[in-house]
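By letter and in written order, the chains are A, B and C; residue numbering begins at 1 in each of them.
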Amino acid sequence: MAAIDTKLSHYPVSPRASRRGLKAGQSRIGLLMLLPAAIAFAAIILYPFLQALGLSLYQYTVEMMSPQWTGLSNFGRLLGDRAVWGSFATTAIYVTLTTLGTLVLGLGWALLMNQPFRGRGVLRSLSLLPWVLPSTVSAFIWGWIFNSRYGVLNALLLQMGLIEYPQAWLSTPQGAMLAVVMTKIWLSIPLFMAFFLAGLQNLDREQIDAARVDGAGNWAILRDHILPHLRPVLIIVVVLGVIGNLQQFDTIYALTGGGPVRATAVLSVEVYRRAFEQWDIGIASAIGVLWVATLLPPAFLYLRMLIKGNN
Amino acid sequence: MFDLSSTTAKVVFGLALLFIGFFLFFPLYWLVISSLKGNAELYQIIPTPAPVMPTLEHFANAITRGKLPMYLTNSLITSGASALLVTVLALYAGYSFAKYRYFGRQPVMLFMLSAQMFPFGLLLISIYPMMSSLNLLDTQLGLILSYIVFALPVSTYMLYSYFAQVPDELIDAARADGASDLRIFHTIVIPISIPPIVTVFLYSFMWSWNDLLYSMTLIVSDSKRTIGPGLLLTYLNEVNSDWGGAMAASLMASAPIVIAFMFLQRFFIQGVTAGAVK
Amino acid sequence: MRLLSRIMSTVAIVGVMGLGTAQAQDLSFMSFTYAEEANTATVQALLDGFNEAESLSVEPLGFAWGDMQRNIFLRARSNTLPDVAQLSERWLPTFANLDSLVDLNTVYGQETLEATFAPDALAMGNIDGRQLALPLISGSIGLVANKAVLEEAGVEAPTTLAEFKEALIAVRDAVPNSVPYSMATKNNGSILIDFMIWNWVHGGSIIDAEGNAVVDSAESRAALQFMVDLMNERLAAPEIDRPDSRRLLAQGASAFYFDAPQTRTFLRDFSGQGEAFDVNVLPLRTPVLNEGDASTSVQWGHLLVQFAPGGTASAEDPADKFLSYLTSDAVQTDFPLKMSALPVTNSARAAVADDAYLTAWAEATGASRTNEVGIWSNAADMTTIIGEEVQGALLGQKSVDDAIAAMQARLTESMANATPAG
């Protein structure tokens, strides 16, 4: 692999390389290459999306054999449904906490793993483990740690004298949220770490050495050199993190099922419960559509910035 | 990177290492030792820090119940095939976006990428009847195709941003020698892109590998279940909260992919370095 | 590239192997009892017996109880329904308008069925005059106690609510780290049962016979307040579902909980003591509000339904032969006992009348009442509503008054869309 990398680096990347592109006459081949993905995209993402958009205008419940047109009445029902607004708030809290937490800990761990010390290689490999475990397994592990009767968390707190009785963490809104957030942070740290480590590889060491000669301390180096250098990584990591956390379903469903009551019913869980447990397809679609409508404008602007920056 | 010669720096470094390290590794440690405890030892209010009487009974149970290998195989098939499919699709699409200019290129790319925000559950509502009308419900093929949803947009973007860095000069030189575009892509560009390709493969593999939502809904036969729902429904259901069994089965279910990953992780880190992040 | 192609060919090979297995069995039987580790062998013996008797093979499809309802709906929409399925009695109304559900009166004749089955058992499968299911086992959900724990705490079996609470306090103080009453506090389906029973004990009800929500009453408030108090005094605990209750009772860490007679089979398994544990399993009358009140319990059973295209079948079909076999005397005098439950046919009930445990159970639970929520087509929706509101009050997230008021409003809305099924 190393040989190929050096070979690639022999070619200078001209700053105008991607802007100029190749000759216009070849655009047909380009379109041809895009075609398979475009077909797959249209069939499995776009078409279902448009169809769901349509379904949000129908009433379609378990007792009905076929959907019935109701116009905007699903959205009217949602307006008055406090549970749904609760889900929006829950999702916002969940996504913010998980993304921020992973960002801080992932960056921290990457900085630690970038520092030479004995056993670093092994530790680096091992720290990818949480990411490769099936998410059901992660949920099992954390569910067991947070277990109200036999959980090690309660045991630790009991022995330290911080609590008098075992706490039922997963049965309190805050405890359950803490558990699902910690699980997600735990399993996302490795991916974030990998991205940050990659970004740290091509940091200009001479510049840092020079700064150090000028008397800059560790903190100043982190603030003035490392973090600005990691800015592009940070942007992509935030995008991936937010997308992943917004779409997160499996660990939450396996750990709390959205409960207690609705404390961890983020939108993904809410849509699933409405659609495939209560079989209220119309309302489920309407919630999903509302979700996209809130999310798409900012996402679109952000992504446009990202792609523009890339060109 | 940092200068750790001062005591304060050493202490801060050590504490941070200890804190995040504990958070990352303690759960794994707890998984392993819990799986080795007998039920009497497992269900104690104050647990023992390490098994006093280690036993393999939970592992024996997990094996004799016999569904685990089946769930695992199913997961490997569906996740592997769909990751492969996504990687191939994204490979061509990413290269097309990066190296060709045509009308609508940017809007299409932008739109595809924003589609990653479409809620998977919402798409599932329509994918479900669609698969039904194609007779693909409760089939592995149906699941494989549906899994495209998870990672196609981001994978395309990752490979796009990698290919954008491949110098045009490299391609132009080959073209001057009379090689066709596809040939150039296959024989020159792909061979130097293995790390990012592996990265994208693993990224999309992990999405399907973790999936609970689609598998629980599109698959109804036990014989086609994947590992996520398989574990969930076997170990934490109405008649059974068998934590010891769940821990042992979890370990066994994770083993193949952990081993595979240990081999691939070098590519993965390289791929991240070379690809998505500039 | 070589790596990729190797992966690709491996996937292809495994894929072909995986897809190529089709089984040719005479009929498929979807069962949650089959999925229960303690009972798999017992059900398998049934299938083998049927194979011997009729030389027809059955493909067992084991599904966790909690997954069955959703799975059957998914299968209904993907045309992969099994030939025969085992249901909990309270699920039937939800499925009543599936086209492929067979009215078994058309197969066996109403008179034959009425002559064969005990009326209470047969009634569980009857919806609007259509016999959409046959019973497999029956019984009731009532209070179960661990005798050893009661002795340890030095308490007698309670008859009134006040005594019940005293007993719980004694257990709490005598058995460290115990959950005196393992009330269901996690799963909506289980919470419903506990709330319904305490609500009856206090004289309330949830839905009246005309389908009006009537839960907003002083009685229901008192019932919920009673449950909340148990939580506050640490006589019950959060995060408990039926399997947790069974495990706690089997380990001597709990004194009481509600379950079906079948619980004895689970307790044998969870205690690790097998039948030696039977002496500790004590069926009790549900405590009453005032001395002299009639004790209550909830009717319970497992049903068998048949799915066939268009809902038409004949007694000669393999599936119907299977149903006949499962309700024959040979099976009914044996299988229900192994499951610690009552048989469903008149002849089998007469034959097992001297079984001590079942007699004690029947005596303790007395006349049981129909599940007032489970008989409506929107039972699943109502179970969620009741479960959520009760849980909200138990966990201290809302007051008893708020929970009951919200329950009333949500149930009323849900019933407005319901079709009367029972």
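Note that in this section a contact is a pair of C-beta atoms (placed from the backbone, for glycine too) under 8 Å apart; a residue touches a chain by one contact, two chains touch by 3 or more.
It should be emphasised that the depicted structure is a prediction, and the values quoted were computed from it without experimental measurement.
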Third chains touching both chain C and chain B: A
Interface ranked first by C-beta contact pairs: A-B
Chain centre separation (chain B, chain C; CA means) in Å: 38
Whole-Å separation of chain centres (CA-atom averages), chain A against chain B: 13
Length of the line joining the C-alpha centres of chain A and chain C, rounded to whole Å: 39
Residues of chain B engaged with two or more neighbouring chains: 43, 45, 191, 194, 217
Sites on chain A at which at least two other chains make contact: 147, 149, 166, 276
In chain C, residues with contacts to at least two other chains: 74, 177
Chain A-facing residues of chain C, complex: 70, 73-74, 94, 97, 177, 185-186, 234, 237-239, 377-378, 380-381, 384, 388, 391-392, 395, 397, 417-419
Chain C - residues contacting chain B, complex: 1, 3-4, 7-8, 10-11, 14-15, 18-19, 21, 32, 35-38, 61-67, 71, 74-75, 77-80, 177, 187, 241-244, 246-247, 251, 266, 272
Interfacial residue positions of chain B with respect to chain A in the complex: 1-4, 9, 13, 16-17, 20-21, 23-25, 27-28, 30-31, 34, 42-47, 75, 85, 88-90, 92-93, 95-102, 106, 108-110, 112-127, 130, 145-146, 148-149, 152-154, 156, 161, 164-172, 181-182, 185, 191-192, 194-195, 206, 209-213, 216-217, 227-229, 231-232, 235-236, 243, 246-247, 250, 253-254, 257-258, 261-262, 265-270, 272-274, 276-278
Chain C-touching residues of chain B, taken from the complex the two chains share: 39, 43, 45, 65, 73-74, 76-77, 80-81, 84, 128-129, 131-132, 137-141, 190-191, 194, 197-198, 217, 220-223, 233-234, 237-241
For the chain A and chain B complex, residues of the former touching the latter: 1, 4-5, 7-8, 11-14, 17-18, 20-22, 24, 26-27, 29-31, 33-34, 36-38, 40-41, 44-49, 51-52, 55, 105, 108-109, 111-112, 114-115, 123, 125-137, 140-145, 147, 149-150, 152, 154-155, 158-159, 166, 186, 189, 194-195, 197-203, 208, 212, 218, 221-222, 226, 232-233, 236, 240, 243, 246-247, 249-250, 253-254, 267-268, 271-272, 275-276, 281, 284-285, 288-289, 291-292, 295-296, 299-300, 303-304, 307, 310-311
